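Below: a set of structures, written as structure tokens.
What follows is chain A paired twice: with chain B in the first complex and chain C in the second.
Moving on, here comes the complex of A and B:
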């Protein structure tokens, strides 16, 4: 009897959690389809008017391009740096190895605001004030922890005898790494890159300190629209971002498995 | 073993941070021979294997294979197959993909690869599983894939690093036979690393017992078991009764050793007064007083009696530095009971004698 009750409570808790997590997303999607110019629910007609408005928004295209460029460049840089760092942390034998590992993922635990202020101060002191290079460097800090974390986990499970095996079977060391280590660790690369990319794409607190009037990333541009004209255009854009995220997660699941992506297994 | 072998290891030494792991290993292995490197963990056997594979460079010494000096050759140019302890199967490839790996690396044609893979699959009886991912295989099947992968490229030498240690006992025994039959049929020269003395004795043409970076004894399984060269080999390979004593008299190639359990005769030439260890294999011992001049024996109190079905183990109550183990057919154990004093005897020729280690 207690078993059944426990299952009932657990089931109810699950449903509540799902509703709590998903309801806001659902609201955004519904609002974006509403004909009303204010956030209003429920509505009785469907309309794509706010999606059409997206094309006419000033500066939107540029900010989308900038955000994707920064996210892509920071992800590529992080993959290179993060892989090497993860190998050093997992395979290296040096004092402070554990501390280095923690330090490399510490931006995940620090408030973005702190990183934003710190990078701003740091870049100013170096005399770097151009928006795009500052954004790029700062976003490497945002993306790198995701790559390092998944690769350290992947490498910890990686049997380096695989590389030895490939070498004894006739491949030179570099070829053995490319043909064995890279494909076996592919899920880690994909997972780290996807999460890092998404984190960079939606980063606000770091970017806000480094953008200028001409270079606004998407989240900053979005918030500004919201301040200027709070109509469902923003909801339409958000819906598109949700759709993109879902696509990315599905692709990630196919390649790496969602559990591994979330770091559950 | 003075003529050059197929594999010729000369004075190979290796240190890790001031600690000598291999201390001048010299070993010649004939073509088609199966040699085991037997020893406890840390004896350097795996280090030697990695040096042979080219995964580790020796500090000094040379390795020649089929007349070629392997010294400067990286692993991928040696044509040496390795079966790893973890199997090291490529998880992103199928069974066939794993076996084809070395052939692809050698840039063979598609047709050559396909026919060789099919041949290897048939050889290890995994044909129906060709397209399975290796993660879905059982331990024994993975083992076979690892062997097939290593042999597919027709290596000049195959190195096996404790390949059976991950299998359960029953499967291990089956795989032992399978492995031995397969390698013999192919005439493959093999070096087999193991810490399991039974496995080494069962599989090998010759066994090299390794201890602290050196080969303590090299010989046929029977020679290693019957005539251990050192107390270490005696101890590591099989069981033994070992008693402390001192040489009381020496004459005509035999000595009399006084032990706490009576005088023991042994074929040896050691000076009178020297402290020695007297040893004998447990199954050489019978119950009863020595029957004639060719026999010798001791009398000691019995501590335990263990019934094992076909056999019976008796353990004597002796000093902490000594051991008294007797293995008898169950029917021959009689009524020897713990607490009673029994007479044990064996042939003088079976007595082993070693200088006592410094205390």
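Moving on, here comes the complex of A and C:
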């Protein structure tokens, strides 16, 4: 009796949690499809008028391009640095490799705004004031922890004897790595890169101190729109961001599986 | 295969982290304690003079504590139920959890500004349910802020709890029941202790994220509600007073490190 009641309460909490978590997403999609300009809900007519007006949002195109460029460059750089570091941490036998891994992941646990102002002051003291190079350099710090975390976890699970086995069966060492190790580790690469890419794309606490009037990343631009005049055009833009996130998750699910992406498998 | 030479591979990343992460943070700490005449804590005593800054720190900690408690109250049973789901239903629920988790915080905060309006869905629902006759003011109130901020951080509580419940052998509670333990006894003595690492990880994550939250308080409460993160941003972006920002930043950094350090300490003691 007690057990059944507890299960009922837990189930209700799960349903409530999921409805609660998805509510802000759902309301944005609905508002973006409404013909009304004042966020009126519920509405009975569908309209694409706010999507057609996306072009009128000043500075949107430039901020999207800048955000994708910064996120792509930071992700590539992080994959290079992070892969090497993860191999060293998992395969090496040197002192302090656990500390090295903790250090590389630590930006995830520290307040983003503090990293942002520290980076701003550091760049100022070096005389670096150009927005784009500042963003590129700082976003590697944002993306790298995601890559290191998933790759260290993936490599730790990988059985390196498989590479030796492939070599015994006649493959050269590089070929053994490409044909055996890369396919097994691909999910970790993709998960780390996807989450890192999204983190850079969504980053505001670091970017807000490094952008200027001419170079705004998408989140900073979005905050700007919300501060000025939030209208359903911003909801249309937000719906596109939701759609992009859905696509990223579907790709991640196909490659790595949802539980692995959630870090619980 | 295991060679000491592998240490070279970690050096580029370490060098990068040292130069663009550790050094700037160190310089921030140093800058907060330097005046024209060398080392001084003048900026700290200026910051903490009067009750304003203490209020800011207290408000930041209170908000983070409330967020953690509410997330735990909802996230523990929910994470539990999630782990007991099977097959496609579980995949669907995990997907429903990952989508908001991966989505831009600004988009979610925007959704809440629409939901919490006087004529918003939450108020319509309250009135339809007969809970209130007139629209309730939710935006720019602490209730509204908590609704929004728990929404952002709840997945970070649910996932570690979900992971810890998944690892419990389903036969364990049965074994306890066979040995004569009632359901409550079995939960308190067998299941709950096994989920504590997940609870600890979730609470640490939510608390350290919540003390650093900036977008949600800014959009749902406005500038009058000053926490450490909003104080840092205001000092740099509007007041042009970097030292005040550096002091607030150092305080926030110290709080984060304290939380993470305490959690690591307890986790190590729990594992020992």
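Criterion: the second predicted complex is superposed on the first by the 264 of 265 C-alpha atoms of A that agree within 3 Å, B and C clash if a C-alpha of one lies under 4 Å from a C-alpha of the other, contacts with A are read in each partner's own complex, and residues count from 1 in each chain.
Simple rule for what comes next: a contact is a pair of C-beta atoms (placed from the backbone, for glycine too) under 8 Å apart; a residue touches a chain by one contact, two chains touch by 3 or more.
Nothing here was measured: the structure is a model prediction, and the numbers come from that model.
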| item | value |
| --- | --- |
| Three-chain arrangement built on chain A, chain B and chain C clash or fit | fit |
| Touching partner for A:178 - first (chain B), second (chain C), both, neither | neither |
| Chain A: partner with more touched residues, chain B or chain C | C |
| First, second, both or neither for A:65, with chain B first and chain C second | neither |
| First (chain B), second (chain C), both or neither touched by A:16 | second |
| Contacts of A:251 with chain B and chain C, given as first, second, both or neither | neither |
| First (chain B), second (chain C), both or neither touched by A:166 | first |
| Least C-alpha distance (whole Å) that remains between chain C and chain B when both complexes are overlaid | 8 |
| On chain A, positions contacted by chain B and by chain C | 164 |
| Chain A-touching residues of chain C, taken from the complex the two chains share | 1-4, 6-10, 12-14, 16-17, 20-25, 27-28, 31, 74-78, 80-82, 84-85, 91, 93-115, 117, 119-121, 124, 151, 154-155, 158-159, 162-163, 166, 182-184, 187, 208, 211-212, 214-215, 219, 229, 232-233, 236-237, 242, 245-246, 249-250, 252-253, 256-257, 260 |
| List of chain A residues in touch with chain C within their complex | 2-3, 6-7, 9-14, 16-18, 20-25, 27-28, 31, 39-41, 80-82, 84-85, 87-89, 91-94, 97, 100, 103-104, 106-107, 109-115, 117-122, 125, 137-138, 140-141, 144, 148, 160, 164, 195, 198, 201-202, 204-205, 208-209, 219, 222-223, 226, 230, 234-235, 238, 241-242, 245-246, 248-249, 253, 258-259, 261-264 |
| Touching residues (chain side chain B, partner chain A) in the complex | 53-55, 74-76, 78, 80-82, 84-86, 88, 90-92, 101-102, 105-106, 149-150, 153 |
| Of all residues in chain A, those that touch chain B in their complex | 159, 161-162, 164-173, 175-176, 180, 183-184, 186 |
